[in-house]
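Below, subunit A partners subunit B and then partners subunit C, in two separate complexes.
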Partner chain A sequence: MDIVLDALGTMMAPATAAFALAAIGLNFHFGLTGLLNMGHAGFMLLGMYGYGISTQHGAPIWMALIIAIIAATIFGLLLGWPTLKLRGDYLAIATISAAELVRYLGRSNTLQGLTGGSTGIRGNDFKFTFEELSPLPDENITILFWTNHGTKSSSWWLMIVAWVFVALFALLFWQLARSPWGRVLKGIREDEDAVRSLGKNVYSYKMQALVLGGVIGALGGVIWALGASVQPDSMGRPTTFWLWTILLLGGAATVFGPILGSMIFWMSLVIIKGLASAFIPSSVLSPVEIEPFSLVLVGIALMCLVIFRPQGILGNKRELAFND
Partner chain B sequence: MTDVFADVAHEPGAKKPDPIVIADHVHRHFGGLTAVDVEHFEVQRHAITALIGPNGAGKSTFFNLLTGFDKPQTGEWQFNGHSLVGTSPAKIARAGKVRTFQLTKALNRMTVIENMRLGAAEQRGENFFNALVPGLWRSREQEITKKAESLLKRFKLYEKRDDYAGSLSGGQRKLLEMARALMSDPEMIMLDEPMAGVNPALTESLLDHIVELRDEGKTILFVEHDMHMVRRISDWVVVMAEGSIIAEGPPNTVMSNTAVQDAYLGAHHDTDLSEDAS
Partner chain C sequence: MTNIIDRRVLMRALIVLVVAAAASIAFGAWGSPAVASTVDTAVAHASAVSSETVATAPQVDTITQTAVEPDEEIGTNRYVQQFINGIVFGLLLALASVGLSLIYGTTGLSNFAHGEQVSLGAMLTFFFATQQPVSLPFVPVEFTIGWPLIPSALAAIALAAGTGWLQDKFLWSPLRRRKVSIVQQMIVSIGLSLAMLNFIQWWFGAERRRISTSIDTRIDMGVFTIGQTTLWSVAIAIICLAAVAYFLLRTRTGRATRAVSDNPALASASGIRVEKVVRLVWIMATGLAAVGGILLALYDNAAAFDVGARLLLLMFAAVTLGGLGQAFGALVGSLVIGVAVEMSTLWLGTDLKYAVALGILILVLLVRPQGILGRAERVG
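What follows is the complex of A and B.
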C-alpha cells in the first residue's frame, strides 16, 4: 500500500512536472522539427542559474524568470547559429558538448562567487521570492494520504504552479502543432530541401524551434530548482537521456506524451525501488545498489519500448516512430 | 499556336524571343572535375524546354545551380530580369520558380492535404506569433484548402486526401510533388526527371498535365532521360554533355545532330572494329 501511495505521490510531484515541462520543450525540437538536441539539460541548468543568481542579487521573481528565459535564448542562438545549416547529427554533437560545458563552467572554482561552484546555490538563497507569493499556510498540510509543506521547497504551492505551467505549455504545443507554423516544422522534420523548394526559410524556422524548446527547458529547470536546489551535477548527461526516455516513452509529437512519459518514468523508479527493497534481501542487493539497479531496469524497459512500440505509448506509428 | 521558335537558331546558347531565364558563364567544378560550364543559356517563356544528355552530363547540377540549391564558382543568371546570384532556394521559390526533385520528396509522414497546404504562399499563420491567434489565419487556411482540393481533383489524388503521403505509390508521389509545387502559382516549374519510376499508365496523364500547364501560361523546364517523352511534349530541346551545352533545337531534329549522337553513342560508334583485330 505504501508503494502505491508513494508512486501516486511521485506522479504529482513538482519534479515530475519539471521533467514533463522540459520534455515538452524537447518535443518542439524532436517531435515537431526533428532536431536532435542532446544537451537539453544544459538549457535547464542555464535557466536554473539565470533564475537563482539574479534572485540572489535582488531581482524580483518576474525579472529572474525573464533572465532565465534570456539565458536560454542566447544559448539556443549560439548553438543554432553554426550548426543548423549543417546535417542533423552536428547539432547533436554540439549540444551534448555545450551542455557539459555549461555544467563544467558552473562547477568551476573560478566562478565560485557567482554559481557556488560544485555545491551550487542553496535553496534558501533563491527560493524566498517564490515562497513569499504562496497563498497557502506556512505549515505541513495533509490532503487525502499525502502530506507536504504548504509553501516550502517541494510544496503544494510549487506543485500547483508547476502543473499549471505544464498545462499552459501543453496547450501552447497543441495550438502551435496544428497551426501553419507547426506544419512548416513538420515539413522540415520530413525533408528540409522539399520545404526550401516551397519557399520557406528553413534556417529561421529551425532556430525558432530550437530557442522556443530551449526556453521551455529552462523553465522546467527553474521548477526543478525550486523543488531542490541549483546543483550543476543534477543536470548532467543522464538528465538529458532521461528526458529523451520520457519523450519517447510517452510518444513524440503528441500533446500528452511528455506528461504521461514523465509520470510513468518517475513512478516506475519508485515502484521498482520499493519492490526491490521489500523483496530482495540486502545480502543480495544492498540499499545503495538499489538505485542503480532500478535505472538498469528502466533502461531495459526503454529497449523493449523501442523494439515493440517504437512510436511510444500515445504516438502514431505512421507519423513518428523511433526506428525509421 | 504559331511557332515562337521559328526564328531561333539551332545552335548552343541560341537567343530566344522572350526569355524568362538567362544564364551566362556558369561554371561549377568539384575539385578538378568540371561539372557545369555553360557559356550562355536561355529558356523561352510559356514553353516546355527539355534538358537532356547522357549520364554525368551535369544536367542535375545545372538544375541545382539555377534553383539555388548549389552555388557555382562563377557565373550570372537571372529570372524575369532579376539577378539570382547568391539568392537562397527559398527566395527563388518565392520569386515564382519552383522545382521538384529527381528522388521524389513527398513529406511521407504528413497527409496528402497537409503536403498541399505547405506549398501555399502568403499564409500569415506561418509566422510564430500569428500562429498563436487562429483568427489571423483561419480564413486564408480555408482558401488554401479549397485550392488544394481542386488541384488534388485535377491530379486524381482527391481520394487520397487524408492518407499519409508515404502510403502513395511512386507515381502518385510524383504527381503530389507536382501538384504541391503548383500551390504557390509559380510562373515557372522545373521538373527533375518527372518520369523516373512512374508506371506507363500514369506516364500518359503526367505528360498531359505538363502540356496543360504550358497551355495555362506556365513555363516548364525539365530534365529527362526518356526520349519518347521528350519528343512528345517538348517545344525545344537543350542537349548537355560533359558540363556544356552542345546542341539546341526542336525535338524532331535535334537528335540527328552529329554532336548529340557522338555524345550519346561515342564519337566512333559507327567505326567497324572487326578490321582492327585482323
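What follows is the complex of A and C.
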C-alpha cells in the first residue's frame, strides 16, 4: 500500500512536473520539427544557473526568470547557428557536446565564484524570492495521505505553480502545433526540401523551434532547481536520455504525451525500487544496486520503445520524425 | 578508393598533425610566463577535486603526477612532457575511436554505446585479474579469480569482442533487416548505453578499480619522462593500429570493408557480403575498444564504470574532426584531440580539459563539418 501511495505522490511531485515541462520543450524540437536535440539537459542547466545566480545577486523573481530565458535563448542561437544546416546526427553530436561543455564549465573551479563549482548553488541561496510569494502557511500540510511543507522546497506551493506552468505550455503547444507556424514545422519534419521549395526559410523556422523549446526546457530546469538545488552533475547526459524516454514513452508530437510520459516514468521508477527492495532479498540485490538496476530497465525500456512502438502510448504512427 | 587517394589522405593527415604540434608548441612558448602559476593552481585543483566525486578522480591522478614532476626533475620541459602525454592519450583514444568510425562508415550508425564498450574492457580485466572476491549480478556467490594481468586482458578482450558479435547478431542486424531508420537506431544505441552503463555500475560498483597493483617506474628521456607500462601500452596501441591499417589497405576483406564504407549498395551488387563485413567490423570495433579501455585503465592507474562514458564525446570529437567514417581520420583526430586535451592543462584548470575537446568539436562543425580528411560533400 505504501508503494501505491508513494507512486501516486511521485506522480504529482514538482520533479515530475519539471521533467514534463522540459519534455514539452523537447516535443517542440523533436515531435514538431524533427530536430535531434541530445543536449536538452544543457538548456535546463542554463536556466537553473540563470535563475539561481541572478537571484543570488539580488534580482527580483521576474528578472531572474527573464535572465534564465535569455540564457537559454542565447545558447539556442549559438547552438543552432553552426548545426541546423547539418544532417540530424551531426546536430545530435553537437548538442550533446555543447550540453556537456556547459556542465564542465559550470562545475569547473575557474568559475567557482559564480556557479559554486561542482557543489553548485545551495537551495537556501536562491529559493527565498519564490517562497516569499507563497500564499500558503509556513508549515507542514497534510492533504489526504500526503504530507508536504506549505512553502519550503518541494512544497504544495511549488507543486501548484509547476503544474500550472505545465498546463500553460501544453496549451501553448496545442495552439502552436495547429497554427500555420506549427504546420510549417511539421512540414520540415516530414520533408525539408518540399517546404524549402514553397519558399519558406527552413533554417529560420528550425531556429525558432530550437529556441522556443530550449526556453521551455530552461523553465523546466528552474522548477527542478526550486524543488532541489542547482547541481551541475544532476543535469548530465542521463537527464537528456531520461527526457527522451519520457517523450517517446508518452508519444512525440502529442499534447499530453510528455506529461503522461513523465508521470509514468517517475512512477515506475518508484514502483520498481519499492518492489525490488520488498521482494528481492538483499543478498541478491543490495540496496546500493537497486538504483543502477532500475536504470538498466529504463535503458532497455527506451530500446524496446523505439524498436516496437516508436509512436509511444498516445502517438500517431504517421506523425513520426524518424524519417531520415 | 585507390592507393593514390590513400597516400594523399595520409599526407594531409601528416601535415595537419605537424601543424597542430607546431601550433601547440608555439602557443606553449608564448604562454610560458603564465605557466608557473597555472601548474600551482592545477595541483590545487587536483587536490580540491579529488575530495569531491569519483567522477573526476581518474584524470586527477595523472595530472598530479605530470604537474608535480617537472618541479622535481630539472631538464624536463613541461610542453614537451604534456605533448608526449597528449600523443600517448591520443593513441589510446584512437583505439576506441577507430572502431567507432568503422561502425559509422559501414552502417551509418553513430553508436552512443561505444563508450561502454571501453569501460567493459577495463572492468572485465579487473574482474579476472583482481585478488578481491568478485561476484556476478543476481548471483549471491562470491569467488576470486585472480589471474595474471595478460591472460585476464586477453579474456576480457575476447569477451568484449563477443559482445560485439552478440549485439550485431541479435540487435543491429535484425534492425537493419527491418529497415529501422538510422535515427531510430541511434536512439536504440542511446538506450543500450544507458542500460550498459548502469549494468556495469551494478556489477562492479561505483568505486575506481585498479587492474594492476604494480607501480609504474618512470624512465627519464631527457626532456620528458614516461612510465614503463605506458611505453608498453603505446607499443601495443601502435601494433593494433598498424594491424588495422594493414587489414584495411592490404587484405581482401579490408578492401571489402572500405568498399562497404564507400557505397554499401554498390558493394553488395559487386558480390561483397555486406552483412558479413559489418559483423566483422562490429567484432573488431568492440575488441579494439576493449584494448583501448584496458590500456587507458593502466595509463590512468585505475578505472571506474563510467570511464568510457566520459570518453565517448572525445571519441566523437576525434571522429568528427577526422571526418565521419574515415578510419585514418579517426586516428589523426584522436591524436589532435589527445594533444589538445593534455596541452590545455598548461593554461586551463584540469577540470576543463575535456571541455577543450568539445569546444574543438563545435568549431570543426562550424568551419569544416566533413572533417579534416573527409571529402567535401553536402552534409545538410
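Note that the second predicted complex is superposed on the first by the 319 of 324 C-alpha atoms of A that agree within 3 Å, B and C clash if a C-alpha of one lies under 4 Å from a C-alpha of the other, contacts with A are read in each partner's own complex, and residues count from 1 in each chain.
The criterion applied here is as follows: a contact is a pair of C-beta atoms (placed from the backbone, for glycine too) under 8 Å apart; a residue touches a chain by one contact, two chains touch by 3 or more.
Remember, predicted model here, so these are calculated numbers, not experimental data.
S.K.: Following the overlay on subunit A, give me a clash-or-fit verdict for subunit B and subunit C.
M.R.: Overlaying the two structures gives subunit B and subunit C room side by side.
S.K.: Between subunit B (first) and subunit C (second), which does A:D191 come into contact with in this model arrangement: first, second, both, or neither?
M.R.: Touch partner of A:D191: subunit B, not subunit C.
S.K.: Once both structures sit on chain A, report the angle subunit B, subunit A, subunit C from C-alpha centres, rounded to the nearest 10 degrees.
M.R.: 80
S.K.: Pick one for A:Y104: touches subunit B only (first), subunit C only (second), both, or neither.
M.R.: second
S.K.: As a test of reading the superposition: which chain, subunit B or subunit C, is in touch with more residues of subunit A?
M.R.: Counting residues of subunit A touched by each partner, the higher count goes to C.
S.K.: Using the touch definition from the top, say if A:S277 reaches subunit B (first), subunit C (second), both or neither.
M.R.: So A:S277 meets neither subunit B nor subunit C here.
S.K.: Is A:Q56 touching anything from subunit B or subunit C once the two structures are fitted on A? First, second, both or neither.
M.R.: A:Q56: touches no partner chain.
S.K.: Scan A:S268 for contacts with subunit B and subunit C and give back first, second, both or neither.
M.R.: A:S268 sits against neither subunit B nor subunit C.
S.K.: In the superposed arrangement, does A:G182 touch subunit B (first), subunit C (second), both or neither?
M.R.: In the superposition, A:G182 touches subunit B alone.
S.K.: Minimum Cα separation, subunit B versus subunit C, post-superposition (Å)?
M.R.: Minimum C-alpha separation, subunit B to subunit C: 10 Å.
S.K.: If you look only at subunit C, which of its residues touch subunit A in the complex?
M.R.: Where subunit C meets subunit A, its residues are 41, 45, 48-49, 52-53, 55-56, 110, 137-140, 175, 180-184, 186-188, 190-199, 201-202, 205, 309, 313, 316-317, 320, 348-349, 351-352, 354-355, 358-359, 361-362, 365-366, 369, 379-380.
S.K.: What residues of subunit A sit close enough to touch subunit B in their complex?
M.R.: 172, 175-176, 179-184, 186-187, 189-191, 193-202, 208, 212, 318-320
S.K.: Hey, which residues of subunit A end up touching subunit C in the complex?
M.R.: Answer in residue numbers: 36, 38, 81-83, 85-90, 92-94, 96-98, 100-101, 104-105, 107-110, 118-119, 233, 237-238, 241, 244-245, 248, 281, 283-285, 288-289, 292-293, 295-303, 305-307, 310, 321-324.
S.K.: Of all residues in subunit B, which touch subunit A in the complex?
M.R.: Per the stated touch rule, the residues are 67, 69, 88-91, 93-94, 98-101, 105-110, 114, 117-119, 121, 123-128, 130-132, 134, 137, 141, 164, 166-167, 177, 180-181, 183-184.
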